[in-house]
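In the two complexes below, chain A is the common chain; its partner is chain B in one and chain C in the other.
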Partner chain A sequence: MSQENIMTINNVTKMFGGIRALNKVNVEVKKGEILGLIGPNGSGKTTLFNVISGFYPATEGTIEFKGENITNLSPHKIARKGIGRTFQIVRPFGDMTVIDNVLVSGLFSGKMGVKQCRDILKTTRLIEREGDLAEMLNLAEKRRLEIARALALSPEILLLDETMAGLTHTEVDESLKMISGIRNEFGLTIILVEHVMRAIMAVSERILVLSEGTKIAEGSPKEVSENEQVLTAYLGRRV
Partner chain B sequence: MSLELLAQTIINGLFIGFLFGLAGMGLTIIFGVMKIINFATGAMIMLGAYVGYWTYTYWPYSAIPGIIVSVGVGFLFGILVYQVLVRRLIGKPLLTTLLVLFGLTSILENSMLNLWSPNPRSIPIDFPTYSYGLISISTSRVFVSIMAIVATILVLAVFKYTTFGRIIRAVIQDKIAATLMGVDVNRVYTLGFSLGVTLTFLAGALLAMVYPFEPFGGLPYALMAFVVVVLGTLGNPVGCLFAGLIIGTVHSFVGSYWTLNMSPAVAYLIMIITFLLRPQGLMGKKE
Partner chain C sequence: MAMQVLRTGLTGINSLTISLGFLTVIGILGLTADTATTGYLHAMVELMILAYSLNLFTGLSGYANFGHVVFYGLGAYTVSVVAVSLASMGFALPTFMYIIFAGIFAATFALVIGYPVLRLRGDYFAIATLGINEAVRVTICNTPWLGEGRGIYILGLVPTYDIKALYIQLLVIAFAVVITSYLVLKTKLGYGLRAIKDDEDVAEMMGVNTAKYKRIAYALGAFFAGLAGGVVTLQFACSFPEYFFIGRSVDMFVSIVLGGTGTVLGPMIGATLYWMVKDHLLISFPYFHLIIFGTILIILVLFFPGGIIGLLNRFLKKKGRVLE
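== the complex of A and B ==
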């Protein structure tokens, strides 16, 4: 794993009217790392994802991806440049088959054929269900389908937004294994937002903590879990 | 009430049903993709008819070029209308769409009137008619029906098996998720709208081979197309074809056994009943 930066977030601020959802956030994302993003509800995690993927324009600041300024490009252009993401709320194309869901991004980006798309389904353990309609899948499978669709863009960075919410203990373990697996198999950089603390601590190499739109800590899982400011943000006071 | 009249009524009904189905498909694809109701459908059907008519007038050897030219012009016209007008209507209130597209209807109809006079026209192709007892089947109607079926199958095949079709289906279901897959929604809208207009033009070009038409003659067809779209489930092309055949048959029965003037009234009664009993349409799933 090199220490080269793949993405740099410089001083990004996002205002919604008078509310400061993100306040001068700076992040350097290293190529190949798994970076965890945590913070209490409403701390700006998903907003940061939305700014990176172009759904919200940044009020201030820039985002550089592989040395290129991608701030405020339209979402489909950012997706094609190699930044894939999943949604907190699953949104598969329900009336389409599992394989067709993956083919939309795979074929359209021109980067993958049917064979590669089926390989992605193997990796995400959905190959047995390739012919079923996406709406027939259970929650864990739908979440894996979200990841499979994002992978079919052959991204370099994958933004995973709470892919483990609502999953059972065993499913979370499987999901963790899969996330490290796809990082190694596809050589990806992964940023994940997660509320399941056990999960994010286990899988992330580095963790970034947001509170009320401001970055309050950054470091290894151990460092972050011992940080006073983090404990205060989560619990209200030092315990 | 003879058996022959009954058979003839059904045959005529199915035939015109294909045309209603095609026009409805044009509407339903546009609605499905971008939630815009093409209120200019009637004028576009007539424009398609005129394009077919003029092609035949200048090249009166076969019916095929008229259809091809009409389809091509429809596609380009669709891109033009989308880029100039419809692009600006996305996400705007329904009333804005209504006014702008009624405006377009007015521009189109009056331009056609000015250019080509109010005289009714029809494409004078000499198709033979076969008679079986009292039932007569004109080959022009058979030809038109086959064309409509071929067009439907083509559209469905494109939807089901091509990348473009998968992308359109993806955009219909979830625009935001499709954007994340790298889909340029504005381009899909352009192509989706032109595809819808193309089918509308095709309906016009086929209609012109069987019925006379004039600049303001599109409204009755457009009205039927709206009923077909509701009955066949919004956004569902296959449903449109079935609903087209049903409404066509009803139209024909009302004409044979009552009076053709009442046909739109009956069609709209069916639409109201659909709204009351099965608002999701024939092909829709229960919400």
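== the complex of A and C ==
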């Protein structure tokens, strides 16, 4: 893995009225890595994704993607530059078929047609359901559809927000295999938010910990799991 | 914009062929029938065009545009203003040119007004569209050179025509709007709009320039409504403030909801049925029919959101086919 940065998050703060959802967060994302992002509920993980994808403007700070400042770009421009994402609470286009869901991002990124979108459905094991309405899918399938849709943007960075929550043990294993597979096949950089600890520890090369909007630790899975501040934030007690 | 026609999923029945075939039949009927029947069918085709024009924007994007009639009224006034101006300079154009002016003016108005108004969503957008229609109507009613409440008469200022010649022009517009609807549905624009209808924020984050695509669809719908408005001025040799009557918006809405919003065949089925039923009810119950239609609209929205096409598709899907 090269040590080249693909994205740099500089001092990003996000306020919601009086709530400081992100507090001067700095992250350097390395090209090709799987970066785990963890933290208790409400620590700002989803907000960070929303700021990166341009859905919320940052109150302060900047985000650079491949050396370019993308901080105030509209979300569709950021998506087309190569940043794809999923949603913690799944949001497929329910009234559209599975293939049409994927085609939307394929067409609008200008990078994929029907054939390539079908290939993505094969990779995400949804090809059998391509003609079904997205709302007919079960939760695990909807989660995969969100990944498929993001992949059709032909992204360089993929932001996955709790794509394993609510899945069975076997489904989590399959999902892990798929994520590693996708990274290798597409040469992606992935930022992964997950509560399933064994999952995040298994696939992440580096882990970043947020607590109340502040970055409290960063390092290898082993380092982070032994960090006292992290244990306190997570378990609410000193170990 | 890519004009690649996309084929995915079930497309067993070609709605475009059915729609164009039906329109051809109506066309031939109108051209061969007596004047009264032609007049009846003329009004029906006009409603079809308006329904399709509303469907292009509202049906696909999900933005409830209750003030769509404003584009019809503006188209109507464009024709009389252009006719009066040209006549004062001593010349006139072939009739279809006036109609094209009407479409272009309505679309331009939509592009401009779309900038602020398409930032609004949901109820706010719907209310704003009503406000725009009312503002335009009141402005006209208070502007002397626009005829105030009396309207603008153009009798003798444009080339003479007969009802059949005008009917042919209306049919050309109808064919154009049906084909346009099909192309929009099957190309990138339609995909963007359907995504917006489902979840605008997600559409934006999946690369759809939502502001741009809403504006394109809004202007496209306005263009066809403007054309229909242009024809009506030529038909009655006058444009009145009554052309902004909000009941016309209701007609279009019921038509697309009845037939099936966002489809190619829906507006045609909806407008045809609605027109036939309305004509009967209007004669038997001059005011009461409004209550009947209000009730029908509520029942449709609550229980049959997909309209007639939606109902048919419930059965067709079991056979692996679908109407669009």
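Methods note: the second predicted complex is superposed on the first by the 239 of 239 C-alpha atoms of A that agree within 3 Å, B and C clash if a C-alpha of one lies under 4 Å from a C-alpha of the other, contacts with A are read in each partner's own complex, and residues count from 1 in each chain.
Convention: contacts are C-beta pairs under 8 Å (C-beta built on N, C-alpha and C of every residue); 3 or more make two chains touch, one makes a residue touch a chain.
These numbers were taken from a predicted model, which means no experiment stands behind them.
Aligning the two structures on chain A places chain B and chain C in clashing positions.
When both complexes are overlaid on chain A, the residue A:Ala79 reaches chain B and chain C alike.
By the touch criterion stated above, A:Ser53 is placed in contact with chain B and with chain C alike. In the superposition on chain A, contact of A:Val104 is made with both chain B and chain C. In the superposition on chain A, A:Tyr234 makes contact with neither chain B nor chain C. In the superposition on chain A, A:Phe186 contacts neither chain B nor chain C.
Of the two partner chains, both chain B and chain C are touched by A:Phe93. On chain A, the surface patch touched by chain B in one complex and by chain C in the other comprises residues 53, 55, 74-76, 79-80, 85, 87, 91, 93-96, 100, 103-105, 107-109, 149-150, 153.
Of all residues in chain C, only 2, 4, 6-10, 188, 191-192, 194-195, 197-199, 201-210 touch chain A in the complex they form. Residue ranges on chain A touching chain B, taken from their complex, read 53, 55, 74-76, 79-80, 84-85, 87, 91-96, 100-101, 103-105, 107-109, 149-150, 152-153. Contact residues on chain B toward chain A in their complex (touch as defined above): 163, 166-167, 169-170, 173-174, 176-185.
Listing the residues of chain A that touch chain C in their complex gives 53-55, 74-76, 79-80, 85, 87, 91, 93-97, 99-100, 103-105, 107-109, 113-114, 130-131, 149-150, 153.
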